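Two complexes come next, and they have one chain in common, subunit A, joined by subunit B in the first and subunit C in the second.
== the complex of A and B ==
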């Protein structure tokens, strides 16, 4: 819960000082702007890119990694983490569709067409799953 | 009447619809078979130069699958297949 609220606070400072931080976004992750000092530790979402997605739970990421590993028959010594891109792991578009289907079955959610086409990394998938599970839980 | 050549999103969308429809079968064997068959067929035609014939075939199969899933659900057996029991 705490992490969710904290990340929603981050939206305002980032968008208001968008122009200033554009150049810095790649290297710095300090978000102490407008007086709101935002602790960037402990939140996986504060990555180098400008993606302001809420962090997905590690268990979700692990489950996703497991499914990806099984689908693509990845060797046990190859690391699969949140940042792994499906294409880099040797998946083509058919594999990606199969992986999304597997994730749908595992988590009992239903992913739409457009959302499914934007998934490129393990982290994307985990975040999407978290959103859908939350929406389903609160529905 | 069919499009000149199906685009990648269309093909992926057909793949997804076929897999979704396969999931709805109540019979374990038919469910697994449909999943396997669609995956194999799409992989077989992965490098085809002109996918329109395969795409049209896939679409008609999708119609068949949808109808059959409905019909099978009307006569679903009460006893589950043994393969579905222990996870």
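== the complex of A and C ==
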């Protein structure tokens, strides 16, 4: 059974019905991650508690952190982790697009605009990436 | 924030802000602060006093002194500026803000007596080195500023294909000089951002790609084809692929260079009464809230690139 905390989940998929993204249209990628998609970033933290998808691998999170650090020229003494919000790190709209493009290049994926808009934290980006990579692999 | 009490130009009290007159209907006001000019710890603390708890928390949630200072200046600028436009003295602290249905910040007028709501519109934009606030009356406004020298890490054409219309992509990709291409990209980006912010619907709610923004100089050449290094102030026209006058006929744009280091784009909804295109009348001030204003329109600090009177 799943047991989860707010920020990390340990989960073993028991059946393929848990692979929510199968059969769904591309534009609903953001739906399949959290199960609930909210337009407002303010509600992001609420939707995470209901998430039943796997949290991204630490390597993915680290890679995202690296790309974000480079794009935003973050000082070495400023910590960047899964919880870090792009806005809090000083990312403007142009930075966010560059980060998404950097992630696409790094992971060989393509991110839909609607999905890109739902990314608020490093963790969000990592989760989205893994979802897209998995989708790509199973296509 | 560092202790640097070099600024001895002082202020009397936080409530004695010099009042300013509202812009007229088709006029815009642009106020900007240069963070490097604000060094006084005491002044920054005064600004902090204007902020309610939630805004203070937001400022301190940002990672790094520079970011925090920029955010603080942005809130101080918008609060003091709006307070100064009020007929009856209002303290910057007392202003309440809320977001409209789409998430665009606006003033919550219920708190202020003797004021007619929806007459004053504002929009903020800032970079590491500049904080700006645009103000208009009756008509929604959006502004965006970017550093002229901002480097784009990815290929301009991949950016363009993602966010710009076909015509704009063609125009950008036809520029052979990478530096000019980069500059034109930044100009177009700020114009589009200003539009998105004026619409107030957020990125995904705005028809980014179906809107073409270009300049129409006398000779029908676009920005990048101009041979001189200082551009003629040309008209900016907007065309939509979709046959919706709602989107294009209603918005006018202006683009300018600020303090030699930034492009600033302003997007204003046209007056319902007057649909025909005409240059935007704009007044620009450099300011340090509570300390000084300097009217800079017509000086080297403000160079019109397009769409301005």
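Convention: the second predicted complex is superposed on the first by the 86 of 139 C-alpha atoms of A that agree within 3 Å, B and C clash if a C-alpha of one lies under 4 Å from a C-alpha of the other, contacts with A are read in each partner's own complex, and residues count from 1 in each chain.
The working rule: contacts are C-beta pairs under 8 Å (C-beta built on N, C-alpha and C of every residue); 3 or more make two chains touch, one makes a residue touch a chain.
Predicted model, so just to flag it, every value in this text is computed and none were measured.
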| item | value |
| --- | --- |
| Touching partner for A:97 - first (subunit B), second (subunit C), both, neither | both |
| Dominant contact partner of subunit A by residue count, subunit C or subunit B | C |
| Contacts of A:113 with subunit B and subunit C, given as first, second, both or neither | both |
| Contacts of A:78 with subunit B and subunit C, given as first, second, both or neither | second |
| First, second, both or neither for A:59, with subunit B first and subunit C second | neither |
| Footprint overlap on subunit A, where subunit B in one structure and subunit C in the other make contact | 92-94, 97-98, 101, 113, 117 |
| In the complex with subunit A, residue positions of subunit B that touch it | 8-9, 12-13, 15-16, 19-20, 23, 39, 42-43, 46 |
| Contacting residues of subunit A [partner subunit B, same complex] | 92-94, 97-98, 100-101, 105, 113, 116-117 |
| Residues of subunit A touching subunit C in the complex | 39-40, 71, 74-75, 78-79, 84-85, 88-90, 92-94, 97-98, 101-102, 113-114, 117 |
| Contact set on subunit C toward subunit A in their complex | 61-64, 67, 103, 127-128, 146, 150, 152-154, 158-159, 162-163, 189, 193, 202-204 |
